[in-house]
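Look for chain A in each of the two complexes below; its partner is chain B in the first and chain C in the second.
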Partner chain A sequence: MGNLVTAVLAGLGDGAVYALIAVSFVIIFRATGVLNFAQPGLLILGTFFTSVLAVDQGLPFWVAVALAMLIVAVISMGIERVAIRPMIGRPVFSTALVTVGLFIMLLILAFRLFAARARTINDPWQLDQWCLVQGEGSCTVAFYQHHAGKIVVVAVVLAVLGLWLSRSRTGLAMRATSLDQEAALAQGINVGRMFSLAWGIGGALAALAGILLAANGSVVQANDALFALVALPALILGGIDSLRGALVGGLVMGIVSALARTYQPVHAPWLGPNFENVAPYLVMILVLLIRPYGLFGTKEVQRV
Partner chain B sequence: MSQRTTPRRLLAAVAATGLILSACTAVEEDPETTEEEAPAPEESDETDAPAGEEADDTEAPEAGGEVQIGDGVTEEACPEAVNPDNGCIYLGVLSDLTEGPFAALAVPITDAQRAYWAQVNEAGGIAGFDVDIDTYTRDTKYQPAEHAAAYQQIEPNILAIAQSLGTVNTESVLDDMDANDIVAVPASWWSGYAFSANDHGLIMETGYSYCIEAMVGLDWFSENHGEVSSVAAVGYPGDYGGDSAAGAQLWAEANGVDDVTVIPTGPNQVTGGQDAVVSAVMAAEPDVVLLAVGPAENAEIVGKLAGGGFTGRFLGSLPTWNPALLDSAAAPALVGLYNHLAPTEQWDGTSAGTEAMKASLNGELPPNGGYIIGWVMSYPMHALLEKAAEGGDLTRAGLRAAMDGLEVDFDGMAEAITYGGEGADVAVSGLIVGTPNAEAPLGIETSNEFFHGPTFDQVDYAQACSASS
Partner chain C sequence: MTTSTPERETPGTPERETPGTPARETTDSATSRLTGQSRSLLAGPDRGRVNRNALRGRPRLYTSYAGDSALLNTPAKRWWTLAVILLALVLPFWLTRDLSHLLSVAMVMAIAGIGLNLLTGYAGQISLGHPFFMALGAYTGAVVAGEPGSIVIGWELDLGIALVLAAVVPGLVGLVVAPLATRVRGLYLAVLTLGLLMLGEQVFKQWASVTGGSGVGRAGALPVLFGNDLEQTYAVGPLLIEPHVSLYLLCLVLLVALAVAARNLARSRTGRAFAAVRDRDIAAEIMGVNLLRTKTLAFVLSSAYAGVAGCLYAILIGRVAPEQWNILFAINLLAIVVIGGVATISGTLIGAAFVVLLPRLLEWLAPWLPFVSTGSGGLITIFQLESILFGALIVLFLILEPRGLFGLWHRIRTYFTTWPFSY
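Moving on, here comes the complex of A and B:
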């Protein structure tokens, strides 16, 4: 029972980060129809800038987080303006490949910036934990504060984002753009600005995900960027154009991974090591067999 | 950009690729594949060939008698040669230099090798030849396919490989290396390299394997921290954590310890965290935990276990350390409960080799211990080139022949090795134990140099402790 509680709590913490990454993909996809495979690069840049600002420059953690998100949002908007906007009207596949190239460029940039150093981000949770069940001399069921922090931060950010998208004028304009670009244009919405804004928000959310990933009391290195790709099954599971799906998909995948990590080595060792990395993809495949557009994705209507 | 069918397919394809990548550490490599990947010499890219003769030839070097040369050695000087009158020996480097999982370690390794060969060249080179390791340095991204492709590209133009990073990567081209007499120094420490059935006698390892490290590490622990009745081995499956875990099991068998818990894990970039490892170790309650993971995973595991009241101690393999760990929240736990294991002296070492290494950076510190690895692993190739040159045969076959019985003392940085033997004849077990200390260079203070335990001599070291993948 203790293992189950620990696994679920850890899964929720990891799942919150998966969800945030998935939402960052969805925001850009809904607004522009582009799957931005450069998100891992933006994620790790967020971690790097936070480390520089919070550790090297000594700024308060949350100030560093805000500044890092802002910097990455500007970088993301710059990418959209320079590399993506000229691709409007071109095949989607071509645009996606451009983002793959951008991913590699950003990753190499991150390796240069990290310069073979591991970094810390001075987060407020560090290795602190709440002991839920105390054993003889040691804690048998612990809830790490960084997991709680991740859950709370993601919940607050996604709630604010949801409110903004549904209540604010700009948010409604962005949603209108995602539904029908030509109609939005006819209504006087600056579609180009909406594209840019979506990329900025997507970049900022990816940066925040990178920061939360690094918030575990340990160190982070440039190749941790690849963690963003682990969120892809969550994105597909929820439906790649659904914010709600991204949230649910992220949490489900986090818990599935954590449970597989805890129980598979004991109860199904014949599946081999690292099965927890495969489990989310199996869940994704099973769901797609039943619901090809994901749990909350938009079902396409095709004329025949 | 409004169609949505294609992105879904594309995303599914990327996800499927991720699935394959995520499971790659547990995938059995198909030995047949290496046959197919092996390059045919006539298909190789000749455009990179340095100017000058490459066919078997005889060179009259300034510093010695007549030397027969062949592929990878030219009478013409190296590009930007230190000694313009010297010929040039081209060595390949196949490493993880930009975006792969070991780039943080591999870049300083490669930097150290460049510095090492620069000082060799400044000292006049080898038998009238400078050594060039820049021209044929390639980034493999730690992927076997990239490694094989890069190997195919550089193979026609190199005499040997000064650095081949990754066991599985190296194995992917080993058959072709065998066919072409390409000797290599590995940047990996798999136990299989001590056996010609695995490495065809082409691999010049530096220091012990992870398997031996586990055995000797546990011997050291028993001597210094009391009797061990239970062990947990945490690591990445395969040639690193798998080899270490196998060593722990061999140690346990030899010492009558029944309680060994093997806990496989992956890097945080894949798993998201090490909570499952923490729970498993907490449940097993071992006296000592052997760690064969990366620095971030090391800090998280040690820090969380210590915070949870775990009372055992930790032995961390060579790649588990990074000086930045002392800036993390796990620093107090690491200082109090963790010891670092290495086959080579650390930055606070005092051997002639270590002093020369420090001098190469003019008193500056490298970003991490990769620089030490790169410096130490240059000694075998240096000794091999000198021996081959003394024998008058600087061809690939000449180098391969010179490996037999080659003695390398590493200028005291690592335990001396006599190459060409099998198993325990070529394997060494000298262990350097370090303790985290913020005042020490690179954060590790040496507490025991070249410790030898009794267990390694008791085990039958007749085959690789573990599979490489």
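Moving on, here comes the complex of A and C:
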């Protein structure tokens, strides 16, 4: 029982980050119709800049985070302007492949940047934990502070984002753009600026997610970018164009992954080590069998 | 001139039969001048044949549908194909051992690329899971024709059997996966196939008796084809066929056969159905294309191609570990398709050669590039430069020339055939 609660709490913490990554995918997808495979690259760049600013430059952690998010947002907007804008009107498949190409370039860039030495991001939580239920000698139900921090940060960010999208004038314009680009254009919305904005927000969220992923006191490597791929099944589970779906999918996948990490080595060791990394994909495939557009995704309606 | 002919003729000679022929030809050309059509084109056993003079300088003059949709429908294509095949046959005797090995790898990647192009380029189903099917082929081949080891099993059968099974097993797995893949569309499918790749990697890592286990891997199939051990040197007349040459020739023969088969498929009813599904699947369904069957067929075929390529790849590389069939391998295959040219077979061949030979080219160029280092210092290593170039090329080709290298070639060709007019 203690294990279960610990696993679920940890799963919620990781799941919050997955949800954040999935939301960053959704923001970009809804605005421009692009599944951005380059997101892992942006994520790891966010971690890198935080590390540089917080550790090398000695800035306070939260200032470093804000600056890193800003830098990555600018990079992301630049990518959109240079590589994605010319692809408007081309098949979805081609644009997705462009982002795959960008992914490789960013990943190699990250390898180059991280090559110098072992990096940490100096986060405020490190490995501290609260002991919720004290067993004899050891802690039966533990709750890591970084998990709590992740949940709080993600909740605040997503709440602000949701409010902004539903209440503000720009948010409304952005939703209009994602509904119908031409109609939005006819209403005087600068669609190009909305594209830029969506990519900027998507990049900033990815950077924040990267920082949160790294925020457990451990050393960060360029390879950690591939953790962002764990958010892909979360995204698909929720439905590729649904913010609510991204949140639910992220949390579910976080819990699935944590449960697999806790129970699979004991009960099903034949599935092999690191099974928790592929368990979300298994869940995703099972869900797609029943709902081909995910749990909350919009069924594609086409005119022939 | 014609008036002199009857004078020379003497009655009673067999040549009496012939004078009718030129006369008929003149009337034919007369009517054709009147109607604008040649009768000989419309009916009779010679239908579709025209005077060779009429064809000269008009390579795209087709007088029948069969001629138009033939595999090699212009003389230039015929000559180029012949020249390329002859060159490919001669090359391994002339090149060094490791260059011909590299070319063999390029040909194997071309087979895999053609498979992926059938699925992604022709049928429009984006797949990131292609390396999974290659791995299936590699391990099927290794089990059927490989050497048994302390952990791994191997039956040491003939490579002929192994190659067939390396196509059949991935094909069957593709058949099992296809119903799921046909349910989802577009980007969902891309992530689904990525999931397949991840799950496959986990399975391969665990199934040590087949794959040699995580981080260890196993050797590929033993190259014993129809009882002939390809590891030995054979003498055919004055030629010495060394092991690397015979492997090269094996890859070449399979590549030519599979490429011709794919191109043949692409121009058939099935190929047109693929294209219809790619362009607009709902419209295709309305026109009577069976979506489930077409997509399933595309999946099965592409998996079979991948399987054969995987089996050969394992033989060439020597040792394959479960980790190497990862997402980066999938991106490499996609790069072959995209850089070469989506939905072209010849483009895929160029793309595979380009992608496989690029690292070697960069190695040659490295001494002249000041910012590239071979050690740990410097701005960037060759491997990193190569990967960044891959990424950049994918992006650039998709933005500037979506038809890939084939498109570039097409532009050059059009420029010269329409010269001095620019279209």
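Throughout what follows, the second predicted complex is superposed on the first by the 299 of 304 C-alpha atoms of A that agree within 3 Å, B and C clash if a C-alpha of one lies under 4 Å from a C-alpha of the other, contacts with A are read in each partner's own complex, and residues count from 1 in each chain.
The rule is short, and it goes like this: a contact is a pair of C-beta atoms (placed from the backbone, for glycine too) under 8 Å apart; a residue touches a chain by one contact, two chains touch by 3 or more.
Just so it is clear, the structure is predicted and the values come from calculations on it, not from any experiment.
> Quick check on the superposed pair: does A:L229 touch chain B, chain C, both, or neither? Answer first, second, both or neither.
A:L229 sits against chain B and chain C alike.
> Taking the superposition on A as described, I'd like to know which of chain B and chain C A:R119 touches: first, second, both or neither.
Once the two structures are laid over each other on A, A:R119 reaches chain B alone.
> State whether A:L213 touches chain B only (first), chain C only (second), both chains, or neither.
Once the two structures are laid over each other on A, A:L213 reaches chain B alone.
> When the two structures are overlaid on chain A, which partner does A:L102 contact: first (chain B), second (chain C), both, or neither?
It touches chain C, and chain B stays clear.
> Taking the superposition as given, does A:G58 touch the first partner, chain B, the second, chain C, both, or neither?
neither
> Report for A:G188: first if it touches chain B alone, second if chain C alone, otherwise both or neither.
Touch status of A:G188: no partner.
> Under the stated touch criterion, which partner chain does A:V92 make contact with: chain B (first), chain C (second), both, or neither?
both
> Comparing chain B against chain C, which has contacts with more of the residues in chain A?
More residues of chain A are touched by B.
> Just which bits of chain A does chain B share with chain C as contact spots?
Touching chain B in the first complex and chain C in the second, residues 35, 87, 90, 92-93, 95-96, 104, 107-108, 111, 115, 226, 229, 232-233, 235-236, 240, 272, 274, 277-278, 281, 284, 288, 293, 300 of chain A appear in both lists.
> Flag every residue of chain C that touches chain A in the complex, lowest number first.
It is residues 120, 124, 126, 180, 183-188, 190-192, 194-196, 198-199, 201-202, 205-206, 214, 280, 282-283, 286, 327-328, 331, 334-335, 338, 376, 380, 384, 387-388, 390-395, 398-399, 402 of chain C that touch chain A.
> Would you mind writing out the residues of chain B in touch with chain A in their complex?
It comes out as residues 1-8, 10-12, 14-16, 18-19, 22-23, 25-26, 98-101, 103-105, 107-108, 237, 263-264, 266-273, 275-276, 279-280, 282-283, 294-300, 303-304, 307-311, 322, 324-325, 327-330, 333, 367-368, 370.
> Quick one: which bits of chain A touch chain B in the complex? Just the residue numbers, please.
Where chain A meets chain B, its residues are 3, 6-7, 10, 13-14, 17-18, 29, 32-35, 37, 55, 87-93, 95-96, 104, 107-108, 111, 114-120, 126-129, 131, 135, 137-140, 142, 144, 181, 213, 216-227, 229-230, 232-233, 235-236, 240-241, 254, 257-258, 261-262, 265, 272-274, 276-278, 281, 284, 288, 293, 298, 300.
> Hey, which residues of chain A end up touching chain C in the complex?
35, 83, 86-87, 90, 92-98, 100-105, 107-109, 111-112, 115, 226, 229, 232-233, 235-236, 240, 270-272, 274-275, 277-278, 281-282, 284-285, 288-289, 292-294, 300, 302, 304
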